[in-house]
Structures are given as C-alpha cells and as structure tokens.
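Okay, here's the structure, questions in a sec.
The first chain written gets the first letter, and so on, giving A, B and C; residue counts start at 1 in each chain.
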Amino acid sequence: MVLLSLVYDAAGLILSGMPIVIVLTISAFIPALALGVVGGLMGSSSYRLLRFIAGLYVYIFRSVPFLMFIFLVYYGLPYYNVDIGPVTTAIVALALSHGAYMTEIIRGGLLGLDKGQNEAAIAIGFTLTQRLRDIVLPQALMAIIPSLLGQSILMVKDTSLVSVVGISELTRLGREVVIRTNEPFIVFTIVAAAYFVLCFGLEWIARRLEARVRKITSRQ
Amino acid sequence: MTFFEARDVNFHFGSFHALRDVSFEFGKGDVLVVCGPSGSGKSTLIRSINRLAGPLTSGSMSIEGRDLANMRARELYRRIGMVFQRFNLFQHLSVLENIALPQRRVLGKSRREAAERARGLLDRVGLADKADSYPARLSGGQQQRVAICRALAMEPELLLFDEPTSALDPEMVGEVLQVMRGLAAGGMTMIVVTHEMGFARELGTEILFMEAGQVVERAPPAAFFANPREARTRAFLDQILHH
Amino acid sequence: MFAAAYDLFWHYRDIYLRGLENALTAAAFGLVLSLFAGGLAGIIRFSSKGTAGRVVAIYVSVVRNTPMLVQVYFIYFGLPALGVTLSAFATGVVALTFNSGAYIAEIARGGLAAIPQGQTEAAMALGLSRRVLLARVLIPQAAPTILPAITGQFVQLIKDTSLLYTIAVLEITKAADDVGNETYQFLEAYLVSCLIYVVICVVLNLLVDQYERRAGFSRHRRV
C-alpha cells in the first residue's frame, strides 16, 4: 500500500514536473539565444564601446550566481512597477543570465571564423546577404551548435532554482513529496533521474553533432 | 592592345605606405608574374585590384579602359577571379558545392548546369573522384586545384593568383603549376604573385619585380633573368636562385 | 538606489560580512576536499579502463547532468535518513565537495590526458613503474597547467555557495534575504550581495592573471 502510493506520487511528480522544466527551458532558450546573437555580434565587432558593453554583460553574469540574480529580478522589477508574475520573472532571469553565456559562445564562434572564407566569398562576387546566409552563418552555427546545446543543459539545471520565486517545478514538487512521504532517497532519486534523462539526452545529441562537424572539418 | 592598366597607384594601410606610384599594363592573354621579397607589396597589389585590400589612396586601375574603382561589385568580381594562398575553400561545403554554389548564386545558373560544369572542371584537373569530399579531407595541392576550378567556373576575364603554391608542401607544387600551365596555354589572362622562378621564366609574358611598395624592374623573363638592370633585382635573384 | 544600497550595507555589514565569511569558508573547504576527492577520481579515470574508471565516469555524468539543488536536497534530506546528522554548514560543505569533485576529476583527467604520449613512452622505456610514472612524471607536469581551471572552479564554488541559502546557511544570498526581511528594502539588499559576488570574482581573476604572468605560463603550456 505504501509502495503503491509512492509509485503514484512518483508518476505524478514526473508527469507534472517534467513539462514545466521543458517549457521553461524552451521559452527561455529562444530569448537567450537572441540576446546571445546580439551580444556576440557586439563582442566581435570592431567598435570598442560595443565590445566593452558585451564584455561587461558577460562578466557580471559570470560573477553573480543565478539564484542571486533571480531574486534581484523578482524584487527589482516591482520596484520599477513592472508586475509580470513569477513564471515570466523566471523566464526573464533565465534568458538574461544564459544570454551572457551564449554571448561568449557566439562571439567565440564568430571570431573563430577564418577570415579567408569571407574574403573568398567576396572575391567570387557574393553579396553581403549571400555571404551571411551561405558562408558565414552556416559555418559559425556548425561550430557553435554543440556548445549551445551544452548551454541548454545548464539551463535545464538552472530551472530547478526558480522554485525560490514560488514556481512549483520538478525539484520543488519533489521536496513536497519528500515532506509528505519521508522517503528522501527514493523521491530525489526519481527527481534526479528525470533531470538526468533530459540532460543526458541533450549531451548525447550534442556529442553526435560534434562528431558530425568534426567529420567535415578535420582531416581523417 | 592594353587590357589592364594601373596608373600611379598609391595605397596606405593606416600610415604605412604599401604601394608607391605603381604603374604597369598588359594585354589580353598575358601572364604577368609579380615577384619580390616578402613585405614588398606584391600581395597588396593583387588584393587592391579586386578591392579586397580596400580603396586606393590615389591613382587608378582599369580593365579595357573601365575604372575598377567605380565598377559595381557584381561586375568586378565576375570579371576578375582570385586564387588564394591558403585556398579558402568553403569548409562546410563539398568540393562540388564549392564550385557549383557560386555559379548558382552569382551567375544565376541552374543547379544542374552548375554541377555539370563543376564536374567538367574537376575532371580537367584530375579530381573528378573528389567531388563529394569535404575540403578538409584533401591535400593542399588538391584543395588548390579545386580553388582554381571554383574561380574558373565563374568564367573570369582575369585571374589573380596570390602566392598559389606558397602554402603547399614541396611535392604538391608541381600539380598546381601543371594546372596553371594549362591555363596559360589556353590563353587565360593572369596575374601571378609567386616565388616560383621556374614558372616565371617558362610562362611569364612579363615579370614585375617589387620592393618596398615600388616597381623596381619590369621586363620579359628572358631579359629579367639574363641581365637584370637594377642592383636590387640582381641581389634578389642571387638570393632566390642560389640558395 | 546605489546610495541606499550602500547605507544598507553599512548598517547591516555584520550580516553581510558573516555571510561572506561563511561563503568563503565553505568554498575553501569544498575546494580542498574536492581537490583530494576529485584529483583522485581524475587519476583513476585517467589510468583505469576497468570498473574503477567506469564508476568515476558515472559519478561525473550524474553530477553534471543533475541540478546541484537536487544534489543538495539529496544530501540534506538523505543524510539524516541514514542516521547521520550534520549541521547545515557541514551539509553544505559535503554537497559542494560532492559536486565540485566531479568537475575537478574532469579537469585533472584532461590535464593528464594533454601530456604528450612520448612522456609515458619514455618513462616505460626506462622501466619506471606506473606509480612512479604518475607521481614523478605526469602529475608534476599536469599540475601547473590545470591551476587556472582550478581557480575557475573556486569561483564556481563561491557562486554555488548561494545554493546553501536553500538549507538556511547564512551565506551571501541568505544575508541579502535576511536584511531584506528586516528592512523590506529587498532590491537594495540583493544589490549589495550581487556586488559582493562581483568583487570576489574581480579579485580572483586578478590573482589568476598575476599567476599566469608571473609563472611564465607559456613555459608549461604545450602545443
């Protein structure tokens, strides 16, 4: 009977907790990527001011723990009379924080591009749009997609912290079940396994893609 | 008949005076070989022809009387092709796509037409079997031959070679020069920056020797090698031929 | 806003400084302990292709693919269930060590793997035992190259102490929470803590730069 209720709890935990994690990750990943593209272009531009701004953005978010930052957003926005509710707060905090890491990834990808590729494209007569679409972006993306997927793993893990602003996601739900059942090992193993499946899956995809990229760009 | 003409060309990189009053001209079907010590401005010269280096400080360059500075990019790059020292093949595209994509994007050819022409060119340089490989899997010599095909596919009137064999292992230089020899025989107009004096002697219509951004000497190969007028040319030839 | 934050900091400096002290202490303990545990794990992973190596691989994978908060809860709620009662602070140190150990294992393994094969071959040709090879040839060469990564891990540890907030350890984030609860100036209270984290990072980064310059780091770096 006890076992049965535990199975019931576990199933409910996964079914209600996992979707929240996935939805939070996806909704934050897109704006974070947008921030990263803008930041990365700024960080690799030839204007010192733009580089400085991008650098500062990255530095601050690398120094401040995400848990700290989400509190800052949570308490900071109402201060400016912005009332967006906890879920949006969580997404904004995730996006801003991970946008900084993506800025670094994309900046690295753009700086890592061989200048000769762009020159060759010019010398062939490609227009700016064709150069970006056919040469520069595919190559930059090819180089950074594995890192971006790696970043999405960190994002999945960071969603566990948004419970502090009152969102009942997987970790929080797990804690509630523990308090009710007093079975910390079983319940947190289930919670950990759920995250593990998500993260390990992403890691696996990232590795596969990396191997494919390496097959194209390296000799033998 | 003058095909290409450069008049009093000056070029600056910031405060560095990279080209000083450079003037020369040549005709259709000529092979102009540009040589000189490193840092002499050879590469800058060739890269300023197709504006990769940026706009000239002063002076002009023209093809058949048309100023290159005002020519629209599309036309400029259609008429002048380039082969780079480090090949610069597009790493994310297969050999075939490297040659076909530019034809489709710039010349507006159909996918089939472009691929057909690419295969024909690859066959000519002996790389038909590499069509589906990625550039990174090819040797330097093979990559450079593909790069030449890519430039040829655009049917340029003038082909620029920026030290096409300098990045190659010695045993691969021959295969690339062989292809260039074929182009010269076929009447392709070329400017070739190179240290390969054998190539210069054999195929050059004229040799341009540069130092410190200036044209020191300009002469047909026979005269250039047999009795160079300038002391600096002699010193350069001494060094490059006897060491 | 910043002026108000400064006033707040000055007025409640005791709480903030205690938080800072606890965070640094927990991070330092965590670093030292995870250097031992993670270093050992990394060496095992590098030198064992058998069960031991596989166990380390699983440990690293589990830590990397689960949120640290879940790890903290696991330890915080799990240890008492095993009959082990530790203070919140000690629990925090255990959690930090468990987490950081996995990352240090990876760093150590990477450092060892980056040493050219020729070093191992030369040692084997001389008839050195595997133990001597590790202790006298490989580890001394790997150690200086991984030092910057270790410092990076220390920064990460300090950031990770923020999670101890969830088990009521007074660290830098909890300090902000306490001050906020007392004054209702939450934004300013958190701003102070944010700046404390930034300052710690700036200082640590400066130290790393110093080290890299002073140690003539290129001497140790391999092509």
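Simple rule for what comes next: a residue touches a chain if its C-beta (ideal position, glycine included) is under 8 Å from a C-beta of that chain, and two chains touch if they have at least 3 such contacts.
In this text, all values refer to a predicted model and were calculated from it rather than measured experimentally.
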Innermost chain, taking as reference the mean of every protein Cα atom displayed: A
Dominant chain pairing [most C-beta pairs in contact]: A-C
Distance from subunit B to subunit A - Cα centre to Cα centre, in angstrom: 46
For subunit B paired with subunit C, centre-to-centre distance based on mean C-alpha positions, whole Å: 55
Centre-to-centre distance between subunit C and subunit A (centres being mean Cα positions), rounded to whole Å: 21
Subunit B residues within the subunit A interface of the complex: 50, 52, 73-74, 76-78, 81-82, 84, 86-92, 101-102, 105-106, 134, 136-137, 150-151, 154
Residue numbers on subunit A that touch subunit B, as the complex places them: 114, 116-117, 119-127, 130, 134-135, 138-139, 142, 215-220
Parts of subunit A lying in touch with subunit C, wherever the complex brings them together: 59-60, 62-69, 71-72, 75-76, 79, 153, 156-161, 163-164, 171, 174-175, 178, 182, 184-185, 188-189, 191-192, 195-196, 199-200, 203
Complex interface listing, subunit C residues touching subunit A: 61-62, 64-71, 73-74, 77-78, 81, 155, 159-163, 165-166, 172-173, 176-177, 180, 186-187, 190-191, 193-194, 197-198, 200-202
